[in-house]
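Pasting a structure below so you can have a look.
Every chain is named by a letter (A, B and C) in the order it is written, and numbering of its residues begins at 1.
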Amino acid sequence: MTRPQPVIELHGLGLHIGDTPILRNLNLTVEAGEVIGIHGGNGSGKTTLLRVAATLLGPTEGSGTVLGADLFGDGRFTVRSQIEMIGHAPALYPQLTLEENTAFVATVTGRSQNRVGEALDKVGLGGARHRRVDQCSHGMQRRAEFARVLLTGPDLLLLDEAHAGLDPEAADLVSVITNLTTTRGGAVILVTHDAARAAAIVDRAYETEAGHLRDLGEDR
Amino acid sequence: MGFWRQARAVARKELIAEIRTGEVLLITAPFGAVVLLLIPLAIGTDRPLLTRIGPGMYWVVVLVFGIMVALRQSAIDGPPQRDLMGLLGLDPAARFVGQAGATFLLLLLFEAILAPVAGALYDPQLSGWAWPALLALLPMFAFGLALLGTLAGWLTVSLTTGRSLVPLMVTPLSVPLLLSATQALEGLRLQASITGWIVLLLTLDLTLALVCVLSARSLEEAAR
Amino acid sequence: MMSSLVISLLLPPEQIQGHLSKMLFVHVPSIYLAYVAFGVTLVGSAAYLATKNLKWDRLAGASGEVGVFFTGLAILLGMTWAKPTWGVWWTWDARLVLTAVMFFVYLSYVALRRAIPDRVMRARRAGVFGVLAIVQIPLVHFSVIWWRTLHQPPSLTRPGPIQMDGPYVAALLVAVMAFTLLYVVLINRRIELSKIEAAIEDAFLTTDTAVAGAAVSAPRFDRLEDDDV
């Protein structure tokens, strides 16, 4: 079930916060089933770009659509539930257990509670489900976020340094959820410094430079 | 309906987080109790004076420290959690209702803990009708304060001085809340009619609820 | 604009009555303008939320700041009038309490605006707070006035309104107009200032401005190995 239109289409997109430009004249098209890699130095705007693609941050110039919704319009609220993002800091509630966090996501998104245990098992956290998040290592928290992605099955998956702090088994999970997303007709954007791991998963790579993207060419 | 399911999930999450942190029960409530103890040390301990000011002092302490309940650590969401709520397709109004609901329940608990403390220290000698009246006044007060506190919290999210701004924003606007509660109890003592104050409280709660729910979406966007 | 201010100040010396009653000519207009400024702030907030046009937010913000000034002035003048008249700096008169509450609402509005650097975010959040205040203030009003009517101590009734004959009324009207002019002038200046601030911000965004990321360069590994930092 492939989408006829691109998952992301950005033309001349710019974003400034106050009087500081962060993104400028950015062009990007991501088709269904693609995995895009984005590299770049610190502070070059990679995370900002990801948040714009997630419709969490509104651009200030140019035009763009994500999952068919205009980034400057109200449609962007409705497509949000089809997007998942795993950022630097874990989006988990520290006082709740891994299971409670995942169950919260299931309830809010209307998924069945039965799938919660299943998702945690699949990422290898079945035994630790009753542990509080603030007692879990960073890698475990990351895995819990992967469980969330398994639960919600997004059409657009945005990963910001997803491999950081993961043991090899967990790092393979990144490939798994990326594949699951693309085979369903979704798309993935992977921001990473780990060029080796990225090369194995990514279809096309870009580098952020002076606020826009420079095409690094096709991989594989 | 999806809205209430989401609101309940948010409220439940907040309450679990607070139970595990224990801030309201073990820190804020004792703090309020200490202040209730401090006041007679400062103004005098003769019984008639304390009986007279007791109810008023109780409401003031509930108001001021109740704001801290709305600002509790476990209720503060960081940027990743806020992003998550957005991406989960959580209706902002449902999120607001859930948060305000959790704060409301915690405030009720807070009021319930401080009431016997105030009763013991100040010996307010409430009339017979005061007890059923309190059953109405306590939740209505907590409701209004929960709404004000949650809304002020949303208005100041991610601001550096946010936590200090909330009390400044809430206290002047909570004057009708304070006056209704205190004057209702005072009215009972003087055996006067208090329906007016009850109606005022109700109006306050309803208009606040309306403002909050209607502005939830634009507020969530304002936080980005 | 300066002439209107001068007129309002020159007016009192022309009156025959006791000096203190001339306070009326600054105190009453201040209170009146405090309420007007409040209304404008709140209307501006609602208008911004409805239209998303920043000019309404500039109006609301300007009126808020000027409002703090007029409300504070009204309270100070009220206090300086109260001391010789009743012997106390403060009374729990409904109007005075209401003005004080309003002062703090304004203050918190201005404090909120000050804490938000981004102008769209500031407009949105201050807008909602402004609307919240519109809804709350009538209730504050009503509750305070009702509270005082229940507890008005008989010994401290407010002196009745001063017998106003022709010249007094005329003078008062002129004072009110003068103060209103002052308000309008101050608002306009503040709005202009906001527009200039916004324009400066936008001017920085020329195509020549480097993106934020350009400030970060590769570490100087050759220099890192030096022993003296």
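For this structure, a couple of remarks:
FYI, a residue touches a chain if its C-beta (ideal position, glycine included) is under 8 Å from a C-beta of that chain, and two chains touch if they have at least 3 such contacts.
Nothing here was measured: the structure is a model prediction, and the numbers come from that model.
Nearest to the global CA centroid, when each chain is reduced to the mean of its CA atoms, is chain B. For chain pairs A-C and B-C, the one joined by more C-beta pairs in contact is B-C.
With centres defined by CA atoms alone, the chain at the far end from chain B is A.
Distance between chain A and chain B, defined via averaged C-alpha coordinates, is recorded as 38 Å.
Centre to centre, using the average C-alpha position, chain A and chain C are separated by 46 Å. Computed from the mean C-alpha positions, the centre of chain B lies at a distance of 28 Å from the centre of chain C. For chain B, the set of residues that touch two or more other chains comprises 224.
The part of chain C that touches chain A in the complex is made up of residues 117-118, 200-202, 204-205, 209-216, 218. The part of chain A that touches chain C in the complex is made up of residues 16-24, 40-45, 208, 210-211.
Residues 51, 54, 56-58, 77, 80-81, 83-85, 87-93, 95-96, 100, 104-105, 107-110, 132, 152 of chain A are the ones touching chain B in the complex. Considering their complex, residues 49, 101-102, 104-105, 107-108, 111-112, 115-116, 120-121, 124-125, 127-129, 131-133, 135-136, 139-140, 142-144, 146-147, 150 of chain C touch chain B.
Listing the residues of chain B that touch chain A in their complex gives 2, 5-6, 9-10, 13, 16-17, 20-21, 74, 78-81, 83-84, 86-90, 217, 224.
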